[in-house]
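Labels for the chains are A, B, C, D and E, by order of writing; each one numbers its residues from 1.
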C-alpha cells in the first residue's frame, strides 16, 4: 500500500516521466499534464492537511521503505505541523507556477519536466524523516535550477567595476549561464559542507541509521555540537540566503524564468531555513544555543543589508531578489530566537514569504514578458495599462512590508515578539527597522512602475494579465489575504509541534 | 663469499642507470634499452635472493620476469615501428600532439 | 430570531463597509460602472451609521455598558495569543458615530465633487472609501491593541491609496508615499510597543498595569506613532502634502477621522498613560508646540487646503496637549467637535475648489455672492474653529485650555492661547479672502454646487453648531463629568479669538491695515515656507539613506559577490597553471613517475 | 594442494573464449568480422550470467588462487565492463580497423582474463604475471586509435599507445624491483607469507616501489600524466574500457598486496595513500576545469575519481573496501556510458570538443539525457548511482577518521560539477547550429542503454549493490 | 677470494657497460653494450649458482632481445640517424633523479643489517620445471596466454593495414 505522502512526492515526478513520453509539439497536452501533476500535488497537500490530526500532533502518516539498509538509509516519510504548512505552500506555488508558465514557448516540455522534478524534490524534503534522504531530496531540488535558469533564463548587463574587475574577463558576469552556474555551485558547496555535518552526526550516533528521530535523540558531545552546528547552519544557510553566502540569489532570481523564480524564492529558500531549524537546531541543540547569537546577528544583518541593497537596485527583479534576502533574514531571526513565537513566526514567515514572493515574481514575469524590460526608470504609469497587475503588485508589496491583513504581518509580528523574548532582545530593533526600509523600497518600486504619468508610447499597448495568469495571481493573492486575516489556519499546524520541539531543545534534555 | 649486499648494490646501480637512460633518451628504442637494463637489475636481485634463501622460487620468479619482459619488448618494438610509420621518426619528444 | 444584540449591530457597523469594499474590488463590472459602486458604498456607510446610532442610543441608556466579544486569532503554545473582535463601550461608540457620520457626509459630497472622474476611477474611489471606513471601524472597535494596530495600519494604507488617487500626477504620487513612509516611521514605535507590551503582559489588552519604567517606554513608543499619524511636530510634514488627494478625502481622513486616530488611541490607552507622567508631560509640550507652530505656518499659506491642513495639525496639537494634561474628556470632546467643523471646512473648501478649479486663495474672492450656502456653512465652520462662543469649537477648546491650566502647564497654556488667536486670525483671513472682496477671474464663473454637495455641508454645519451642547452626554459616555463654566481660560481665549477675527477683518476685510505692516513677521513666513524640516528629511532620505543603500548595493555586487567570483577565478587559474605541466613529452611523464617514486621512498623510509 | 580449478571456471571460460575468438577469426571473411564483436559480447554476457549460478569459491591450483565473494564481485564488474566495451566497440572497430578486428577482441579478452584473476591471486609471481597479462594487451589496444587532431596528419593512436607503454613499462620495472625486494626480505612469494617479516628498510623500499608502480596503473598523481594523453589519443570505446576496468583491477591487486599481504606495515604506506588521495583529488579536478576536449576532461575527472577511490582504500577496513567496491561498480557503468556517448557523438561527424555537443538536447534528446545523467552520476548527484558511490566513500572515510579528505573531497565534488555542467551547458543551452544528428549504431545504443538503466536503477535502489559489495569486502578480510 | 675478485671484475664491467648503454651517443653501440651487460649478468648468475638461468639469460636476453633491438633500430633509422644527442637539461635532471634514487636504495640496502646468506646449492633445471608445474602452474598458464597476446598484439600493430591505404572489400582477406 502506497501512502499519501509517497504519492504526493511521486505525483510531480510521475508527471515528469509521463511528459518525457509526450511529443514536443503537443503543447497543450504538455501543459495539461504538468498542471495535473501540480494540481495533484496541491490537492494531496490539502488532503494531508485535512488528514493531519491536530489533537495528536507530532509526526503522522508514517511510511517506511528500505533503501540502503547497509548504510542505515531508508525512505522514511512522515509529516508534522511544519511539514503540512510547507507542503501547502509548495502546492500553492507550483500550481500557480505552472499557470504562470503557461506561455513558455521555447522547449516547454523540457521546462515542465525539470520544474516537476524540482517540485518532487521539494516535497520530499518536507516529508522526509531520514536525514540522508532529506539531503538527497534537497540536492534534487537544487539541481534542475541550473538548466532551468541556463536555458530559459534571461541575462542582464552588469557594469565592470570594483576591486575584482579582472575576474570579469573570465566569467560572463550578468549572463544567465553565469547566474545558473553560480547558483548551482554555491548551493552545492553548501550541501557539501552540510554533508560533512550530517556524516559527523551519523557516526557520532553510532553509524547505524539516518533516522532523524534517532539522530535527534542522540546526545552528542558538546564539543562536537559546537562545530557541527555551524556546518549545518552555513550548509543549509547558503540556500536560505544567509549573508554573505546570498550572492547567488540576486543573480539567480533575476535570471531565472518566472515559474522558477517563484519556486526558488518561494519554496527552495525555505528549504534552507527549514533545514537549519529541523536539522541544525533540533538535532544539535547545544550548538544551536551556543551559536544562536551569531545566527540571529547575521539574520539581522540580512534583514537590513538586504533591504538596503534592494533599495539601491533599479532592476525590478533584483529588488525582489534582494527583498527575499531581507525576508529570509526574518525567517532566520525567528529561528535564532529559540522561542515558540519566534519559531512559529519563522515557519509562518516561510509560508507567507513564499506566497508573497511567488506573487511578486509572477508579476515581474508578466511585466517583463510584456515590456521586455525590468529597468524601473524606463517604466512608469503602468497602472493605466495593467491595473490588475498593479493591484496584485501592491498587495504583494504590502505583505512584504508587513501590512496587517496580509500573511506577512502575522509572521513578522510573531518573529518580533519572539526576538524580544530571546536571549538577545536588541535584534528586535533593527528587524523592525528593516520592515520600515521594506516599506521604502517597495513603495518606491510601486511608484516607479505603476504610478506617475505615462506610460511611454512604447508601452501603451501592454496588456494586463490574462487567462491562466489571472489564475496564478488570484490563487496567490487570495492566499496572501486569507492567511493574513485568518492565520490560525496555518499557525495551528505549526504551533502544534513547535513547543514540543523547543522544549526538547532548550532543556537540553533528550527524551 | 660475496655478501648479498654487493649484489643488491650492483642491481640498484644498474637499475638507476636504467632510470637515467629512461629519463634522458629521446629515441624510443633507447628508452626500451634502458627499461631492459632496469629489468635486468631486477633479475639480479631475484637470483641473488634466491641464492640467499635457497629454493627455486626466486629463480622461477626471475624466469617469469624475463618472459614478461621479452613480451613487453616485442610489443614495444612493434609500437616503435608503428610510431615510425605514422610520424617518420621515433623521437619521443617529437610525439607531442596530445598535450595540455 | 431574537432581537439583534449590540454585538450584531457592531458587526454590521464593522463589516458592511468591508463587504462593500470587497464587492467593489472584486466585482469588476460594478467598479467600472462607477455610480452603482458609489451607491453600494454609500449604502454600506449609511447602514454602518445606522448601526452605530442604534448602538450609541443604547449606550446612552446604559453608559457603563461594555460589550466585548472576541474570537481567538493567533495561537501560541496551544493557547490563544491574540484575539480579534469587538469592544463596544462609550469611547468606541462615540468615535464610531463620528466616523460614520462624517464618512457618510463625505461620501455623499463626493457624488458631486468626483462626478467628473471616469466611471472606473469613481468606482475605485468608493472602493477605497469603503475600505477606509472598515479600517477605521476596525481600529475604533478594537478589543485590544493588536487589532487596533491592524486598523491603524490599514487606515494608513487607505490614506496612501487615496492621497495617491490621482496617481498619474507625480506630486500626488510623491505625497502618497511620503505620507505612508512618515506614518510608517512612527508606526515602528507602535509595533515595538506591541512587542514590549506582549513581552511584559503576555497580551495586547487595553488596560494594563505596568511597572513604572515600562509604562513610560511603551507609552512613549505609542506616542511616537501618534506623532506620526496625528501629524505632530516633527512628523507633521506629510499632512500638508497629503492635500494632493481629492478634497473630500482630506476632509474625511486628514481632518476628521484618521489623523484623530492617534488621539483616539491615547484615549483608549489612557489607563496606561496615566501610569507614565513623563510621557504625558512630553505630550503636553509637543502638542502645545505643534498647535502654535502649525498655526503660525497656517497664517502664511496661500493654498486654502494647506491652511486647513496646518490648522488640523494645530488643532490636533490641542488634543494631544489636553491628553498630556491628563484630560481625556477635553481631548475627546475637542476631537468630536473638531471632526464636525473641520470636515465641514474641508468640504466647504472642496465646494469652492470645485467651483473655481483652483486651490489658491488668490483665485477666489467674492464667492459670497455666487455660493451662498457654501459661504454660510464655511463661515459657521470657521467661527466654530475660531472658538466663537456658542459654536462647538468654543466649548471644547475652552475645556482643553481649562485642563491645561488646571494642570499648571503654564507655557503650553500660553502657547495654546497664542494659537487660539492665530487660529481665529487665519480662519478670518481665509473667509475674507475667499468669500469677500473682489472676485478673481476664476471666481467670476463660480456657482453653487448641486444638492449632493450641499446636503453634507448642512448636516455638518448643524453638527458644528450643536455638538458643543452635548458635552455632558459625552462626558457620561467616558465616565467623566462635565459642566460648562466660563473660567479664566475661556474668557482669555474667547477674547483672543475675537481679536484674531477682528484683526483679520481689518487686514483682509476692510483692508484698512496693509499686509505690509506685518513685514516684521516675514522671517517667520520665510521660515515656514522654506520647510526646513522637510528639507532635512529629504536630505536624510536622499543623501544619507539612498547613498548608504547605494554603497551597500555596490559593496554587495562588487566586493562580497566579487570575492565569490575570485574564488572561482582562483580555481580556474589553478587549473590553467596545472595544464601547462602536461607538456605532451613522455619523458616528462616518466620523470614524474621517478620523482613520485623517490618521494614515496623518502616519505616511507624517513622515520 | 591440488590442481583444483573449480573456482576458476569463469576464468577458464574466458581463456577458452579468447581462443575461440582467435580460431573463429581465422575462418571469417572480413565483412563478417563484425560478428566477432557480438561473439565476444555474447561470451562475456554468458559468463556474467553464469557467474550467478556457478560457485567459484575456494582455493585453486596449489593455493595460488582463492575464489570468494570478493573475487566474484570483481569478476562480474569486469565481465560487465567487457560486455559494454565489446558492444560499444563493434562499429568503431569494424569501421576503422576492419582488418584487425579479431586481434582487437582477442586482446580485450586476454586483458580481461588478467583482470578477473588478479583479485584472487595468492602469490606474487602470479600477481605479477596477471598484472602484465592485463597490461600488455592494453598497450596494443591503445595504439588502435585513429582519430586525428587538429593541425596534424598523424594518427594519434601510436602516440597514445607509446605514452602508455613507456610510462607503463617503467612502472612495471619499478614494481618488479619492489616485488623482488619483498620476496628477498620475506623469502616467499605467497601473499600469506609476506606479512610476517619484520619491517626492514629494504622491505619498506620494496613495498613503496610496488605502491609507486601500481599507482601508475590507477593513474594517481603524480603517475597520472599518461592518462589524458592516452584517453584523447586512443579510440573512444576502448577508452571506456581502459578508464575503468584496469583501474578497478589494480585496486584489487593493491588490496591483495597491501591490505592482505602487507597489512602489518600499514603505518608506512597508509599515510602515503592518504596524501596521494588528497593530491589526486585536487590535481585531477582542477586540471579538468579548463579542458575543452571532452575526452581529456573526462580523463582528468577520472583522475579525480581515483582520488575518491584511494580515499576509500585508505580506510584499510572492510567497510571502506566494500564502499570502494561499490564506488567502482558505480563508476564502471557511469564512465563507460559516458565514453560511449562520446563515441556516439564523435562517430557521426562530430569530434571530441565540447562545442560538438552544442544543442545535443535538440539533435538527440535521449542521447543528451543519457549524457546528462551520466555526468550527474559522475558529479555525484542524487538518484543516479554516482551519488551513492560518492556518499559511500565519504561515509567510509569519515568512519575511518579521514576527515580532511572528506571535506576536501566534498568541496571538490562541487568544483567538479562545474566542468561536468560545461558539457551539460553545451548540450542544453547552446544552439545546435549545423551539427549532425548523432546516429549511434544499435549495439552502441544498446550498450548506452544498459549503462543508463544501471545508473538509474541502482541510483533509485542501491541497496542490493551495496550489500553485495560489503559482503565481498567482508569475505576478503575473512 | 677468487669469487670476490670475479665478482668485482664482472660488476665493474657491468657498471661500465651499463653506463655506455644509457649514455652512449650511438644507439647501435648502446644496444651492443646492452648485450655485454646482459651477458655479464649471466656470469653473475653462475656465481649465484643458477646455471639454468644463466643459460636462459644468454639465449633469451643477450641473444633475443638484443637482436630484436637491433632490428628495431634498423627499421626505424634509414641512414645513420642513430646519433641522437640528449638535451643537456634533461641529462642533469635525469642524473639528479637517478642519483637520488640510487642514494635512497643504497641507503636502504646498507641499513638493512641482517640479510640471509646464500649457500652453494645449485638449483637444477628439473627443480625449476617441477616448480613450474606445481606451485606456479597457474602463472605458467597465464604466461603462455600473455605471450600469445603479446605476439598477436605485436603483429596487429606492426602489420601494415588500416593506416594510409584503404583495403577494400573482401579482397582484404588476403592480407593476413
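Here, a residue touches a chain if its C-beta (ideal position, glycine included) is under 8 Å from a C-beta of that chain, and two chains touch if they have at least 3 such contacts.
None of these values were measured; they are calculated from a predicted model.
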Margin query: If you apply the touch rule, which chains end up adjacent to both chain D and chain E?
Written below: B, C
Check: Which chain's mean C-alpha position is nearest the mean C-alpha position of the whole protein set?
Finding: A
Item checked: Reference chain C; chain at largest CA-centroid distance -> E
Item checked: Chain pair with the greatest number of C-beta contact pairs -> B-E
Check: If you take the mean of the Cα atoms for each chain, which one ends up farthest from chain A?
Finding: E
Notebook entry, point to check: Using the average of all C-alpha atoms in each chain as its centre, how far is it in Å between chain A and chain C?
Noted result: 36
Next item on the list: Report the inter-chain centroid distance for chain B and chain D in whole angstrom, where each centroid is the mean of the CA atoms.
Entry: 26
Checklist line | Distance from chain E to chain C - Cα centre to Cα centre, in angstrom | finding: 102
Checklist line | Chain centre separation (chain B, chain E; CA means) in Å | finding: 5
Check: Out of chain E, which residues touch more than one other chain, so two or more?
Finding: 90, 93-94, 97-98, 101, 104-105, 107-109, 116, 135-136, 139, 143, 146, 149-150, 153-155, 157, 163
Notebook entry, point to check: Where does chain B touch two or more other chains at once, residue-wise?
Noted result: 8, 15, 18-19, 22-24, 26, 28, 31-32, 48-49, 52-53, 57, 60, 64, 68, 71-72, 75, 78-80, 82, 85-86, 92, 95-99
Checklist line | Touching two or more other chains - residue numbers and ranges from chain A | finding: 185
Next item on the list: Would you please name all pairs of chains that touch?
Entry: A-C, A-D, B-C, B-D, B-E, C-D, C-E, D-E
Next item on the list: Going by the contact rule at the top, pick out the chain D residues touching chain A in the complex.
Entry: 361-362, 376, 381-383, 387-388, 391-392, 394-395, 398-399, 403, 406-407, 410-411, 413-415, 417-418, 421, 424-425, 428-429, 461-463, 466-467, 470
Check: For chain B, which residues count as touching chain D in their complex?
Finding: 8, 15, 18, 22, 28, 31-32, 35, 38-39, 41-42, 45-46, 48-49, 52-53, 57-58, 60-61, 64-65, 68, 71-72, 75-76, 78-80, 82-83, 85-87, 92, 95-99
Notebook entry, point to check: How about chain E: which of its residues touch chain C in the complex?
Noted result: 90, 93-94, 97-98, 100-101, 104-105, 107-108
Item checked: Complex interface listing, chain D residues touching chain C -> 162-163, 166-167, 170-171, 174, 201, 204-205, 207-209, 211-213, 215-216, 222-223, 225-226, 228-229, 268-269, 271-272, 275, 283, 286-291, 415, 418
Note to self: Under the definition above, what is the set of chain D residues touching chain E in their complex?
What the structure shows: 1, 3, 8, 15, 18, 22, 29-31, 60-65, 96-100, 103-104, 106-107, 110-111, 113-114, 117, 123, 125-126, 129-130, 132-133, 136-137, 139-140, 143, 146, 155, 161, 185, 187, 200-202, 204-205
